[in-house]
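Across the two complexes that follow, chain A remains constant while its partner is chain B and subsequently chain C.
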Partner chain A sequence: MSELLSNIAECIEFGKINKVAPFPPQMKGQDGADELTRQALDEGISAQRILTEGLMVGMEKVGIKFRENKVFVPQVLMSAKAMSTAMIHLKPFFLSGEVKEKGTFIIGTVEGDLHDIGKNLVSMMVEGNGWKVVDLGTDVKAEQFVSAIKEHQNAFVGLSALLTTTMVSMEKITKAIKEAIPEAKVAVGGAPVTDDFRKKIGADVYSPDPQGLVEYLNAQVA
Partner chain B sequence: MGKILDKIKLGKVLVSDGAWGTFLQQKGLKTGECPEEWNITHPDEVLDIARSYIEAGADMVETNSFGGTRFKLEKYGLEDKVFELNKAAAEISRKAAGDKFVLGSVGPTGKILMMGDVTEEELFEAFKEQAKGLESGGADAIMIETMSDLDEARIAIQAAKQHTRLEVFCTMTFEKTVTGEFRSMMGVSPTEMVQTLVGAGAELIGANCGNGMVGMVAIVEEIRKANAEIPILVHANAGMPVYSDGETVFPEKPDEMATLVPKIIKAGANVIGGCCGTTPEHICKVRDAIDKS
Partner chain C sequence: MKGLELIKKAFALQPVERVPWVPFVGVHGGFLTGTDAETYLKSSGEIVKGISKAVEEYNPDGIPVVFDLQVEAEVLDCKLRWSESGPPAVVSHPLAEGKKRSDLKIPGAGDGRIPVCLEATKILREKYPDIALYGLITGPFTLALHLLGTDIFMKLFEAPEEVNEVMEFCTQVGQKMAEYYMDAGCDVIAVVDPMTSQIDPVTFENFVTPFVSRIFEDIRIKGKLSSFFVCGHAQQNIEAMCNCRPDNVSIDENIPLDFVKEITLEKGISFGGNLKLTVVLLMGSADDCREHTLECLDLGGKTGFILAPGCDLPRETPLKNLKAVTALIHDPYQQDVVRTLEKKESTLEIFNMKDYGQAEKVIVDIITLDSESCAPCQYMVEAVKRVAPHFDGVVEWREHAIKKMEAVSFMSSLMVKNIPTICIDGKIAFVSQIPPEKELVAAIQKRINEKLKLKIRSKRSEFILLGEEESQCRELQERAMRALTELGKDVEIKVVAGREKLASYGVTQTPAAVAVSYKIKSEGSLPSVEVIREWLKEL
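Let's turn to the complex of A and B:
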């Protein structure tokens, strides 16, 4: 039974979606996250265990490898795809309340910036670690962030930017959020962002990679 | 007027231009505004940028068309104006360039092929449409740049090669990994880039953006090692941006950039210019350094 869970973790780590998926080549023809998750449920393994001992283990491994530059964006995207395929089988258990999310994470690319690759990557990694993610999209204004935080009590919020020029929006939005909801925790990230910048604008956390954010979030609810 | 490659074959090191995006903002482009739309709404400002690089001594100037594919323009509801905006971009730079060269800038679409965001055919059509607009406005070459995905770069090169008569160039953007190698966001190394881009028909390759000229020296060395012949271009950022008092500042000064010119030529570069944060002053100093070397 635990072998099945470790096989699921492996499918997530290497981005094996299902049996017919050609990627990764070394797992060709083998069952993927899709088949193995179904099988685990059929064998009576709880959805919670599949999530925490299978899927999340794989997601953490890929997150760490990404941070260490051992894998790059394509591998993470494939892992995320494998993850979301497996999650379809677990969805009913989330809806029934049998499996609970760790919390809610609101994310968006800041006003003036239309780039979404980094934002989506973070979104998938956080979701793959057992969080509910509310994705506000790109070019998101301060008011939209504020009203989303009001709607989802105790949610954490993440601001993404790719352009150096939209770092200004990041400062504006962080200040607006802190003014409206002083206890809200704001994370910032993206190519031009540094921890020094985070301090200057009064945000709570910065990570150069998605895994760092996941670890921060997990620590907040541990 | 000879072609760019002919000049490089004569053994000349050429100077390209500096930043466009950061320059447009100085001129009043607001966040959330479409830069390419300025080719129609603010042609004089765009012309002024192109002209300032030619006056600084550049042998070639780019066009204000980096986000000129339909996939970028559709975010502003301008996807039906691809040809028009790109043609205008090339016309403006052509006017500024005189007998110097015009590089028609083509940036990534922001769509990821392997995620199924788009098909190869859709990408090909989008690049073809943009390249044709740039050609009709008078560009001498298509400058595909800031690429991180090899397939997208290859498709852009093929579309430009098959549907224009222009020289086709391509640069990718690399960052240093924790282990000290250079890789693009999608994990492509400079060495891996060489074969695919040259194989697709790129006549000049290289690197742009990044964290400054120092990193570029190592990247050019790696490309040159992988291919002894292919002309190499660099468009380097003026360092990694630093945020202070509500604005971003690029730390690498014109003189600092210019002192690295002999090194980057020695590494194998044939065309040297700037990317984000570089100004006409940077280009002027690079010109001086090349003329002295």
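Let's turn to the complex of A and C:
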């Protein structure tokens, strides 16, 4: 039983989606996240356990490997794809309330910026760690962030930017959020962002990689 | 030597006297001429104006004509969203939205904005024959990402043949673009492929190397130079990039310059970078820029290194910041100054100088790097040296070469920021410029007059007559009064009588006369030891 969970974790870690998926070559022909999650549910393992002892374990391993430059964007996207395939089976249990989410994380790429790779990576990692993610997309204005936070009480919010030119927008949005909801916790990230910049604009947390954000979020609700 | 020749030398890994400087001016050119990014990137006239202004302000050895990685994508049916302050962004990915690879055609020289870029190249070529013109083309992987969207990352594993097919097409586009730019007069073709920073070396070797190498080969055959630009965390791929055989690899602040230097030079390839775009160039002060530029120059060295920003300059990068970089790179002496100050500032002791310059003599301090090795310093010292004897011992001068720690403290204590500087009695008088003799004399004379005025005002004297009894001094007192009248002086005459008081004046025989002059040296403040030492020297 626990072997099944660790196999699921492995599928997530290496991005094995289903049996027919050619990637990764060393797992060719084996069951993927899709089949194994189904099997686990059929064997009566709770959705909560599949999430925390299978999927989250795999996602965390990818997060750490990504932080350590052992894997790169393509591999993480494969893991995320395996993850979301498994999540389809778990969705009903989320909806019924049987699986508890740790909290809500609102994310978006800031106004003027259309890049979404970084934002998507973060949102998958956070989701893969048992959080509900509200993805506002790209080119998101301050008002959209503010109304999303008002809608989802106690949600954390993440701002993403890739361009140096849109870092200015990040500052504007952070200030608008803090003004409207002073207790809101704002995380910032993206290629040009640094912790110095985070301090300058008054945001609460910066992480150079998604795993760092996940650790921060988990610590807030622990 | 400057410009193209210098760049060629650096590309050939020959030692250069000065590191070549290539500011990556993109839409920043429009900022210099007051034009928004969209208007700028759509008009060859605006580009020529912007680059000409950049050439005038930044005195570059090489410069890109256009920095916009969306030119090819636009021709290939990617929709763009324009912005006022930055290059446009690709918002649609035709191959992910139903188009087929076979629907796409290699862009012709007359398609989209390509003629704008080529026209600007031709005009700038004619205008600046000695500056290396960089033609920037979108690297095949980045172009493939524009066409396929982020799906490309998963397709690397799930549909590698499809990725290869798109890469083949994008490579042909790159080869064509390189050809257009070379024919229009570019000296260097830069293949800009930032998205490769997102993949690992094995994926790079499988999906990028076989393609991009062909573009570099074409450039080599044409006898032009090539550069491989990457930005972002691409440290893992530097070696693989070198193996594609470009002539140069240029990186941004995400990769340490010395790391790239080591790998590229070993492979016989030159390298460039990596001035920090945001925290220093965009948001820092001119001083930050100088310090950081020097750091890059010292790390890069004078063989095979080209100083450049990490990537496209943010549009609003302050002119003064880039001018500070420009001035520093052209002035080895300023580099020495920044280098010396940078090292020593942290352990500085600041003297209390508020009473400095109260001594009888006028003190002229010259703050230099070292008059032996720095020409402007030498001239400044000589100017003072020539003038000082005119004042016949009233003026004393000293050189403070900041190669010594105390001199750095002294310099900071006097709030001197530039070198060389002349201070007269602790006040900054001449900065950087060597003053003409007349001006220097006038400035010193002015200070002498000031001091004289002060002296007249502050002098109080007594003439003390000493005797065992008052009557013993009577004759002496009359003579002293007579002398005072004849001199027209205002001195108080005081008679002190009594044997017991004589000793405190050091007098043994009477009658005696002692002249005492008082002078205010300081009032309501606590002078420093250095200052008191100066006063004591007068006694």
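Throughout what follows, the second predicted complex is superposed on the first by the 222 of 222 C-alpha atoms of A that agree within 3 Å, B and C clash if a C-alpha of one lies under 4 Å from a C-alpha of the other, contacts with A are read in each partner's own complex, and residues count from 1 in each chain.
One rule holds in what follows: a contact is a pair of C-beta atoms (placed from the backbone, for glycine too) under 8 Å apart; a residue touches a chain by one contact, two chains touch by 3 or more.
Nothing here was measured: the structure is a model prediction, and the numbers come from that model.
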Practice task
Could you classify chain B and chain C on chain A, in the superposed arrangement, as clash or fit?
Solution key: clash
Practice task
Answer with first, second, both or neither: which of chain B and chain C does A:Pro22 touch in the superposed model?
Solution key: second
Practice task
Would you sort A:Ser2 into first (chain B), second (chain C), both or neither based on which partner it touches?
Solution key: neither
Problem - First, second, both or neither for A:Glu111, with chain B first and chain C second - result: first
Practice task
Scan A:Pro192 for contacts with chain B and chain C and give back first, second, both or neither.
Solution key: both
Handout entry: Which superposed partner A:Glu68 touches (first chain B, second chain C, both, neither)
Key = first
Exercise for the section: Check whether A:Ser169 is in contact with chain B, with chain C, with both or with neither, and answer first, second, both or neither. Expected result: first
Handout entry: chain B versus chain C as contact partner of A:Asn154, first or second or both or neither
Key = neither
Practice task
Check each of 60-68, 366-374 or 528-536 in chain C against chain B and return the one that clashes.
Solution key: 60-68
Practice task
Residue by residue on chain A, keep only those touching chain B in one complex and chain C in the other, then list them.
Solution key: 69, 71-75, 77-78, 81, 112-117, 163-167, 192, 194, 196-197
Fill in the blank from the handout: So, in the complex, the side of chain A touching chain C is made of residues 15, 21-24, 69, 71-75, 77-78, 81, 112-117, 120, 163-167, 191-192, 194, 196-197
Practice task
Spell out the residues on chain C that touch chain A in their complex, using ranges where they run on.
Solution key: 81, 83, 85-86, 89-91, 150, 153-154, 156-158, 198-200, 203, 232-233, 235-236, 254, 277-279, 282, 314-315
Exercise for the section: Name, in rising order, each residue of chain B that touches chain A in their complex. Expected result: 21-22, 25, 30-32, 72, 75, 110, 112, 114-115, 148, 177-179, 181, 183-187, 241, 243, 246-248, 276-277
Exercise for the section: Within their complex, state which residues of chain A touch chain B. Expected result: 68-69, 71-75, 77-78, 81, 111-117, 139, 163-169, 171, 192, 194, 196-197, 200
